[in-house]
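Going in written order, the chains are labelled A, B, C and D, and every chain counts its residues from 1.
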Amino acid sequence: MKRLNPYLTAGITPDWIDYLLAFQAAGADAVEIGLPFSDPMLDGATIQRASDQALRRGVTVTSILDDLTAAREHIRVPLIAMTYANLVFHGDARPGGGPEAFCRRLAAAGISGLIVPDVPVDEAGHLQASATAAGIDLVLLAAPVTPPDRLAEIGRRSKNFVYAVSIMDTTGERDALATTAAPLAERIKAVTDLPVLIGFGISTPEQAATAARSGDGVVVGAALMRRVLDGASPDDLRVEVAAFRAALDQVDQEMPDARAHTEVSGDRR
Amino acid sequence: MKRLNPYLTAGITPDWIDYLLAFQAAGADAVEIGLPFSDPMLDGATIQRASDQALRRGVTVTSILDDLTAAREHIRVPLIAMTYANLVFHGDARPGGGPEAFCRRLAAAGISGLIVPDVPVDEAGHLQASATAAGIDLVLLAAPVTPPDRLAEIGRRSKNFVYAVSIMDTTGERDALATTAAPLAERIKAVTDLPVLIGFGISTPEQAATAARSGDGVVVGAALMRRVLDGASPDDLRVEVAAFRAALDQVDQEMPDARAHTEVSGDRR
Amino acid sequence: MTGAAMTGAAMTEAAMTTMSAPAPTGRFGEFGGRYVPESLIPACAALETAFREAWADPAFHEQLSRLRSQYAGRPTALTPAHNLSAQLGVTLLLKREDLAHTGSHKINNVLGQALLARRMGKSRLIAETGAGQHGVATATAAALFGLRATVYMGERDIARQRHNVFRMELLGAEVIPVTSGSRTLKDATNEAMRAWVAAVDEAHFCLGSVGGPHPYPWLVRELQRVIGEEARAQAPAVPDVVVACVGGGSNAAGTFAGFVDTPARLIGVEAAGGAAMTDGMPGVVHGYRSMVLQDAHGQVLEAESIAAGLDYPGVGPEHAHLGATGRAEYRTVTDDEVLDAVRRLARAEGIICALESAHAVAWVLRAAGTPDLPTGSAVLLTLSGRGDKDMATLAGEVR
Amino acid sequence: MTGAAMTGAAMTEAAMTTMSAPAPTGRFGEFGGRYVPESLIPACAALETAFREAWADPAFHEQLSRLRSQYAGRPTALTPAHNLSAQLGVTLLLKREDLAHTGSHKINNVLGQALLARRMGKSRLIAETGAGQHGVATATAAALFGLRATVYMGERDIARQRHNVFRMELLGAEVIPVTSGSRTLKDATNEAMRAWVAAVDEAHFCLGSVGGPHPYPWLVRELQRVIGEEARAQAPAVPDVVVACVGGGSNAAGTFAGFVDTPARLIGVEAAGGAAMTDGMPGVVHGYRSMVLQDAHGQVLEAESIAAGLDYPGVGPEHAHLGATGRAEYRTVTDDEVLDAVRRLARAEGIICALESAHAVAWVLRAAGTPDLPTGSAVLLTLSGRGDKDMATLAGEVR
C-alpha cells in the first residue's frame, strides 16, 4: 500500500500531540516529528514559521521527547524524527552528548526513525552507527541532481525508505508536483528495493496521488503546517490528512500489485 | 590735520548718496566709495553684508558712477574708490574694457583715488599706469607683515597716502586697536613722506584717536556700515562721523606739529 | 599556548600541515566538512573540482593576478602606524585592505570566485552579506563579468549599512531583505543557501567568508592568502604578533596563512557579542562543523555586535582548528572599545577603518604594554576595510 | 586645434615650455599671478621659497614618495575598461585615483603640502572644500602630521556631502559652515582665505586645486603630476586622447602633465553649470587671473552643478593658458549625462566613481564614435575619485 507520512513540527502548539494523534487517526503510516531548529536551512517559509513558533514557545528536544513519552500509550503510529545536524551532534564534544546519546533518547521516547537533511551520506558514518546501535532507522535523502553512484550508495545505506526530494528547492507548497519527482523516484527504485517516499512540495491529495504513482508514498509537510499556523484544529487536520489517505488508497486500487510493499511498513493500524 | 576717511558701500541703500553727503558734512577729508563685489576676500562679515545688500539691489559700477555724476554739484569731498581686482580688470581682453577704461570712468564721475586690496604692488604696474593716465591716485596698502624692502617700494609707488592695514585680519569692528597698528605706521613713515592712514578695525572715536597718534589719519568702515545696515539714517551717520572728526581734531590739538601734513590733504572743506 | 611556547621541531611540524589543503573530506582536524542537503552536494563537488583544476592552472593564476593588480588595487600598502606606535610602545604595521577596490578584503575572494563561476559556466552569483562589503564586492564582480547578482541581507543590516545597499543596487545587483531570525548575517546565509538550492544549475553561491561547506573554507582562505603573502613580503621582518578581526574569519585566515610557518603569534579578535571561538561550542551551521554560539539545547544564538560583518554566531572551521591546536589565539573586544578604536586610529593616523577592522585595533590598544602584548613588540595588523559604510552608525543615527 | 594638427616642430617647442615652471611672476601666459592682499604676500613668497627648496631636495622627494607608496596606496592602478571599450568602440583605460587613500586624487596634493607645512614650522592647516574630498584629505594629513585642521565648506555642500563632513570630524578637523553667497566652494574659498589672513603665522593654507595665488597653481600641479607620470609609465602606449574632469583643474593638470609632451589630445571636461573654460571670461578671483564665470558687470556668477567639487566659477590659470594656446580642449556635460555615466560605469565595470569624475566618463560616452572621439581611439581617463560620498545625492535624497 502507498505510504503516507505527514509531517508535524513538534511543539508548534501546546496541544501538538493532538495533531499527531489526528494524523494517526486519519491513517498515517508514520508521522515525521520535526524537532524545531533555529536555522532550518532546507525549509521554506511555512516550516520556518512553524519552527519559530515552537521555539518561541520554549520547546526543546527534551520537552518534546517528554511530551511523546507522556503520550506513549496513545501512539501506535511509527514516529520518525526530522531535524538538523546541530541538534543531532549537539554536545558531541562532551560526555553524554553527541549522536549516540541523541539516538538513544529518541528511541527511549518511542521514535524509530531519523531524517537529517543536512547530513548527507558522506557525513553520515558516525550518525549511522549511533542510530543503528540505538535501533533507529537513519533515512537518507536523494535529490534530482544526485549522480548514479551516490544514488546507489544512498540506496544501500538508507534504512526503512529512501526519501526522494522531489524538487530542487526548499520545503513548501507548490501549484504542481515537480517534473523532477517521477524520474528521481524511478532512478532510486532502480538501485534499491527500499520503498521510495516522495517529499517536498506535495500540497494536495491530487499531487500526492500523482507522486504515489511513481513512488511508494509521500511525505506531506508545509501544506499541513500552514493550516495549523492558520489556527486549524486537530480535527480539521484529521480531515485533511484523511483526504491524502483516500487519494493514496485510490492509487492502490489502480495498482493492486503495490500491496507487496505493505509488508515493510511496520505496524500500521 | 589728522585725516578722516570714512568708508561707504556704494548703493547700500537707495539714498546712499545722502550718507556720502552726511560724511562730507561731518568733516570727512575724503570718502572711500566701496564698489560692491561678489567676492570681497578681504572684508569681514559687516562689509560682506553691505556689499551683498547693494548687489541684491542690482547696483553696478555703472549705476554707482551715474549716481555720483548726478550728485556732482553737492559733492565737495574727495572720493576714493575701493574695490577688488575683478571689477578693475573687467573686460581687459576686449577693447573698451580693462583698467584704462575703468580709471577713466572713475575720473569722469569725479573720483580721484583708487584702492584695490587684492592688487599688491607686484601686480600693480598696468593698473598704476592706467590710473596715472586718468589722473587717479592709486593708493597702495601695507600690512604688518610687509618686509622692509617691499615697504619701501610701496612707499615709493603709492599715491596720496599709504594705507596701513592695522591688523592681520579682514575688515570689521574690534574691541581695541590692534597692537600692530602703531609699529606699522612708524615703519611706513620711516620710508616715505606720504601720509599714513590707518584702517581695518577702527571702531570707535577713541580708537581713531589712538591710531591718529601714530599715523596721519584713519579709515573707518565696518563701524559705520553696521549702523547703516541696522537702519540708521544719514543724519545718524553724520553724528557718528562727526564724533570721529572731533576725536581726531582733539589729537590735532595735542600735537600742533601735525598741522604740517594738512597741506597735502587736498581741498577739505 | 603562546607562540613563544611553540618553537623548534613542534612548530616546524605544525607549520608543515597547518593551513595547507584540508583532508579530502574537507576537514581541518575535527572541523569543517560538508553538511549540506543532498541537493547541493553535486554543486559543492563541482566547485571543488573546478577549484582544484583552476588552482593548478597557471592561466587562472595569471588572470587572477592581473585582476588584482590592474583592477583591485593590489598589492595594498603596508603602512607603519608611526603615531600609534609611539603612543603604545609597540611597532605597529597596518596591512591596508581598506585601500582595495570596493573598500575591503572581500574583493580578493570574490574576484577569484567570479573567475571560477565563469569557468563553470554559471550566469549568476548568489551571495549573503552582513556589512554589505561582501555584497558590494559580489555586485562589483558580477558587473565586471556580466553575471546577475542576488544578494541576501538581513533587514537589520540593511538599516545600518544602507550605504552599501545603495552601492549594490547601483552596481545592478538585486538586494533581498531577509526578515527571519535575527535579521542579520546568520539568516541571510540561510536564505542564500535556500536560494542556491533552487538555482544551483545557473548560479554560483559566492560565499563571503571561510565558513560554509567544503571547499569554501579552503577556497576562500586560498583566495585571501594574498593578504598574508603580500604582508610577509612587505614587512621588514617577521613580526612578533599578527592580528586581524574575525567574523567568519576570512581576512584573518588570509593573513595568518602568510605567517603560520613563522614563530609569529596569530591573534584573531572577535566581537564580544559574537565570539564563537571564545563563547561557542562545536556545532554545525551553514554546512560546516565549527565553533558555534548556541544555547544548552543546541539552538544557534543570535550574535550582537555593532559591526554587521562580525554579527555572526559561527566562525570558519580552520579557526576552530587553529584554536584547538593552539596555533592561533582568539580575543574579544566590546562595542565601546571598537568605537573608541575607530576614533583613535582616525585621529592618530588619518585612517577611518571599518567597525569590523577596528576590533583588531581595539585589542592592540588594550593589550599594548600588558603581558599579552609586551612593550617593544612588532605587530602586524590587517585593517580589513574602510569605514565609509559605517558613517551612519558612527554618527549615532543607527545601531 | 586638435592634437593631430599639433605635430612636429610646433609640438616639440610647445612641449618644452608647456607645463614646466611658470614665469617668475607666477604666470602661465597671461594667466595666474598673485592677486592677494598685502597681508598674504609674505606667506605666498615663503611658500614659494619653501616649495622651490623642497622640490630641489632629494630628501623631500623621498619622504613624499614613501608616503605615497606606504600610506596613500600609490601607484594607483590603470584599469582597462574592457566592457565599456567593447560597447563604445574605443580602448578605454581608467587611471584609478578612486583607489587612493581617502578616495580621490586630493590626497596627492595634501600630503605634499603637509610636508611643506611641517618644513615651514606651521602648526595648522586651513582648507576650503567643495565635495569634501579635499577637506577629508586635509583632515587626514593633519591627523597624520599632528597638525590642527580647519576646513571651510559651503552650507549647501555640507548638506549634500554630509558623509565627508562626518569623516572630517572623525579625523579631528573642525568644519566651518560658510553661509555667504552661493554657499558652495567659491564662498568657502573666500572664507578660507580670510581665515588665513588672520592666522598666517601659524597656519598653512592648504589649497585644494590648481587655483589661488602663485605658487599654488604650480605647486599643486607638480604634486598631482604623479597621476600623469604613473599613467604614462603604465599605459601600453601613448593614448590618442587623455581626458579628465575639471573643477579647479588639479586632477586634469596632474594627468595632462604626464602627456603634454606627447601628441595625445588633452581634454578637460567641465560641468555645464560651472564651465569657466567654456563660458567664462578672463577675470581675477581667489588670488589668480584666469577664466571666470561672471556677469556683464564683473560680478562672479554662482556655478550650478550636481557635483560639489565642480560647482565653482573659476578654473586653474594653467588651464586657461592651455586652452588659449590650443594645447588642451575643454568640453562640458550636463548633470543628467553625469548621473547616467555613474550608472553605466558601475554596471559595466563595477566601479562607482565620484560625480566629479563621471564628467569625464560622460564625455567619452557621448563622444565615442563621433569625429570628436573616433571609433578605435585609445583613451586614457582619470577617474579622480570614488562615489561613496555621493550616495545620498545618487539616492535622490539631496541635490
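Please note the rule applied: a residue touches a chain if its C-beta (ideal position, glycine included) is under 8 Å from a C-beta of that chain, and two chains touch if they have at least 3 such contacts.
Everything numeric in this text was worked out from a predicted model, so none of it was measured.
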Least step count from chain A to chain B, where 1 means the two chains touch: 3
Distance-maximising chain from chain C - centres being C-alpha averages: B
Chain A and chain C: spacing of chain centres that average the CA atoms, whole Å: 37
Whole-Å gap separating chain B and chain C, where each centre is the average of the chain's CA atoms: 67
Residue numbers of chain D (touch at least two other chains): none
Chain-level touch network, classified as line, ring, star, complete or other: line
Every chain pair meeting the contact rule: A-C, B-D, C-D
Sites on chain D touched by chain C in the complex: 69-73, 76-80, 83, 96, 99-103, 139-144, 146, 163, 166-167, 170-172, 342-343, 346-352, 387-388, 391, 394-395
In the complex, chain C residues that touch chain A: 25, 33-39, 41-43, 180-181, 186-187, 190, 193-194, 197-198, 200-201, 281-287, 289, 292, 294, 297-300
Parts of chain A lying in touch with chain C, wherever the complex brings them together: 37-42, 44, 48, 52, 55, 60-62, 84-87, 89-93, 117-123, 140-147, 150, 154, 165, 168-170
